[in-house]
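Have a look at this one before I ask anything.
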């Protein structure tokens, strides 16, 4: 079902870019858990637009208005509904897109699927705006996971051809997440972050956009979480991650690189460390047979360049079946990745928590 | 849930490497559809072991014994159960693995998850043997899709550092699938196939193994199939594909390459061709916003080198918590990819059919 | 999952009696369908409190505030979120119930399940207030069903020992729904309605309450809807109906009466009528093997007397583990059934629509 | 989905009356649990035909052939497949039913749903034969529940107008289940059992059949199991129970009788007993707000008279659309209830276990 996720928690996301609000209902949260609302707001701000020159000038406070599920700040066991008002709406920016689909967007496919009745304004339900409620859900769950000693961190591993360092797949820890450089971009190596920012700025000036890769690690997960086959950690993570607009690829551990290795190079030897079973290397990314190995879980997500660019593009009139040049005005990020980092963390949190709960 | 998949068809896979049988129950198949049982057997044979020097010498006829769901060869609407006997079983090959987990396998994670009670023999439920019932399900569904003009083909795009050609993302058609070279490996370019075979043979001689990438295309899909967010085509395909042992990465369209492109290069212009809306290029891989665009759907799957290698490896005794050298004897493929090609096609078929049925 | 329903539409209900709002997210509604918002409001009013002396004096406008899923009044295919503000809240009425559970309510079981963190105020998520969003969802779906010629009607079949007539199981039609007497209660026979109203009034004066039975019919359903076994129409209807607080029994066709009949009396002969296959009688209630027969679908729902009564009752202090007398003040219906009639219709609509959509 | 059940265990039932076998796949059973295979066989025999003059002379050994999920007799965590061969098949008994549907059976509705392609032989997938795998699944789960101190017992509460005693809703215990009279029928009061047997015998001699009611109790369940709204214990139990052919009604606690009571009579006072919160009476049947109260859970199931009777009946030719007299020969139970008692226990076990597992 389109905008629902989860077997053990159930997340139902709603809203369009320019509807009254976007939001999420989360069913299955643990009663008695006290939310840190300030920390949640801070997490939401990491996704918010308008914070630097590198993102869209559209400003949204992204304040969560809780409708249910809390008494004070404590989860009460009932489904939680988090509402985020759409305040800074300019529907006029998008008029005409329902007939002339923007390349790289869902305008055309949504028009076909919904027989011309899709809410095309601002991308409707396909807008990146829908990652706000995803972050709300994930931000809540990140706090629950942290109370169990499980931490999730992500950084921009690549923008265009500029690469950051990678997490140490064996030794990555919460401290590494705390030590990430945040300005202007979330990276391990600040120099790489500055070079990436230049790439983004150059793209903006050219009326163009750039893509990249985000790397995410989950630490503190015990061994034995996840299920075989379709219930594997990879499947669960993929099911959420590919729900984020603009994601085109996902790899675990050494991912596509393992395709060029031999088994003797790629296999991770088991060792005993501090009396516990570990692996000497972590090419497997913390998952074997769909089940966590107790090593850090590591995955990377390929994100395409923002499809909204101000350069003129070729499109068609759906009604007239004729070619048509398109110019997108409006407000757009020249690169999605700066704001996508917390979204990836949120998505990972949701998938991991659902998997943990399925462990009877 | 571990070994169940699907919202509109429901697939439930069972069996262990050395249990009485492996099999699958499929609920939701269309009554009245006549199965071509010979074609299904031929499809199953493409996955079967023992067909060439490049795969494991274990021989299994992999004959499907239908328990239900058919009258004659016609689907009757009731759940179909397909059973495949495990005939050539040598449990002795694997004795001892329950205490000394094989690197790269699920022995350790299964031991933790199932508290030491997992059926470790031959990898148990985590064995590649479980792709036989997946192929049975997918093989049936491929026939149903073909009756709707939808065709699926895959080939080995890479083994180690040897690359095949890729499908033409705009023009790929059923004829391209029919024209694939099948011997010794399924490829577009026979020369690449021969070079890959040499890589595999060299790995076998070294007691090692190699990995690679499989590319898969789906043609004939109309625009408008799939759902937004978590119900997207990418999510559905990922949910099945990551259920296949040894898969470590998945990308759609130009996938990870899009991360280094600009939006102006990556966006696919809309055009009118033969009176229909198409895109001039197909970097998006036939999916926009989770919904099919009517262009060929294209994805690639990274598969790790077979973890079972005959070279000595480092492992541990789980009981004694001591280091232990491991030597795997038994029968193993030096490369999984030759037999994985139909498995990828089967997985794609299942996901695509489930998505089509969700289109009310 | 607690407050989610559906395989083909997905309904997620949230809210507590005294939270900011109650509401529902509906995923899977058909794009392009124009809602009649006035008719929806009229339907909601049938459930609203405060309309007559027979129901609680708590007044709630129960206006739906749509957050998403519509452009104007037309469904756009995106998940619809309907919010209903909780306006007339007096939390003080319920103080103390978290330690002294009200007999017949979920106070105790919720306290156990949620470890003392349940929102006890007004019954929290277990309140009858949650039938407001259920009605919102069902009211929308009733309009969609009506556009397909499917109509649903319910009436009070019994309160205490006063019985209404029953629908003619063979001939019941939309006209019978239109002709129901609505004042003071929804019945076929106005005289029975007046006698029921007297029973309710007498219970109120005694500080007590009364229960009853609601009968519901669905007409216009084609034959062939529903699935065998767990996907049967009975299962689907039961899954929603038992989600309504105070429901204790459910029967289809002649239900519990069939237990005392012989097969020759209970079987419904097939006949040809106007060239179509029908049954001469309809003891089966329109469902055979879980699948609709094309005859009217008929079921009855047993609803217990309102557990909130003003007479003193025996309860306990959960903290002190001592006996304690309880007096419930607040505002309560002496009988739930008058307001439950549209709730049953709404529940039936949701189940029926989900079943129809599963018919590929 | 038709023949699948469960959120936390997943049960998938397959087979037709005259297919090679009937069976079930159960995903989510606990690794390490040792099955008592003799006890399971004994449980299966309680459902088996041919044991007394009161049931059909069709004889089926109903031996379970385990395909997977076990090592020896110990659950290994992988999905368990239990196969039961169909041995005593006489398809000729049912020839012609596909055109002339039997009253009270699913022949007609299945013919419509599956476009004439349903396996009509012996009722196909709609046959009571499918309760054999349901019993296999339930019998396994009953053993798991017993290891947690949870026991389930059922008896025939009524056949035609002959009534057995009822379980004491407050005090019923495992001993009451052990003390049930088993011959000729499962009842509390042996005299009632003999009178019921006479009713059945009389129906058989008349070429007719009789229906009745089965009462089921679950003891040992802790308070706090189940979810609000659609995830309530009633909903879960109903979802399985209505999957049993011939079930037409279901009530919890005092069920339909509560409709004629006042709140002051129907509410169950809370008391402290042996330091624990209990209720003085148990009209609520052990469930409040969908969640267990710690009191015995009690429900009753209305089962219609066997639709297969040897008296001539009126039906139609589906092809010719003409009236046609039908005479059913074959082998049939004149009353389903004797063999349905373990089926109800099995169904309750499955629902209860699924609910327990959802309690995080």
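Order of writing sets the chain letters: A, B, C and D. Residues in each chain are counted from 1.
Keep in mind that, in the parts below, a contact is a pair of C-beta atoms (placed from the backbone, for glycine too) under 8 Å apart; a residue touches a chain by one contact, two chains touch by 3 or more.
All values derive from a computational prediction rather than experimental measurement.
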A-D or A-B, whichever has more C-beta pairs in contact: A-B
Chain of greatest Cα-centre distance to chain A: D
Whole-Å gap separating chain A and chain D, where each centre is the average of the chain's CA atoms: 46
Chain centre separation in whole Å, for chain D relative to chain B (CA means): 39
Chain centre separation in whole Å, for chain B relative to chain A (CA means): 26
Chain B, residues touching no fewer than two other chains: 1-4, 7, 13, 28, 78, 110, 113, 125, 228, 358
Complex interface listing, chain B residues touching chain C: 7-8, 28, 30, 78, 228, 357-358, 360
Complex contact set, residues of chain C against chain A: 1-4, 10, 12-16, 19-23, 25, 27-28, 31-32, 65-71, 74-81, 83, 110, 113-119, 121, 124-125
Partner chain D, residues of chain C touching it in the complex: 1-5, 7, 13, 101, 103-106, 108-110, 112-113, 125-126, 130, 158-161, 203, 206, 208-213, 223-232, 234-235, 238-240, 242-243, 245, 247-256, 258-272, 275, 277, 279-280, 284-285, 287-294, 302-309, 311, 313-316, 318, 321-323, 358-359
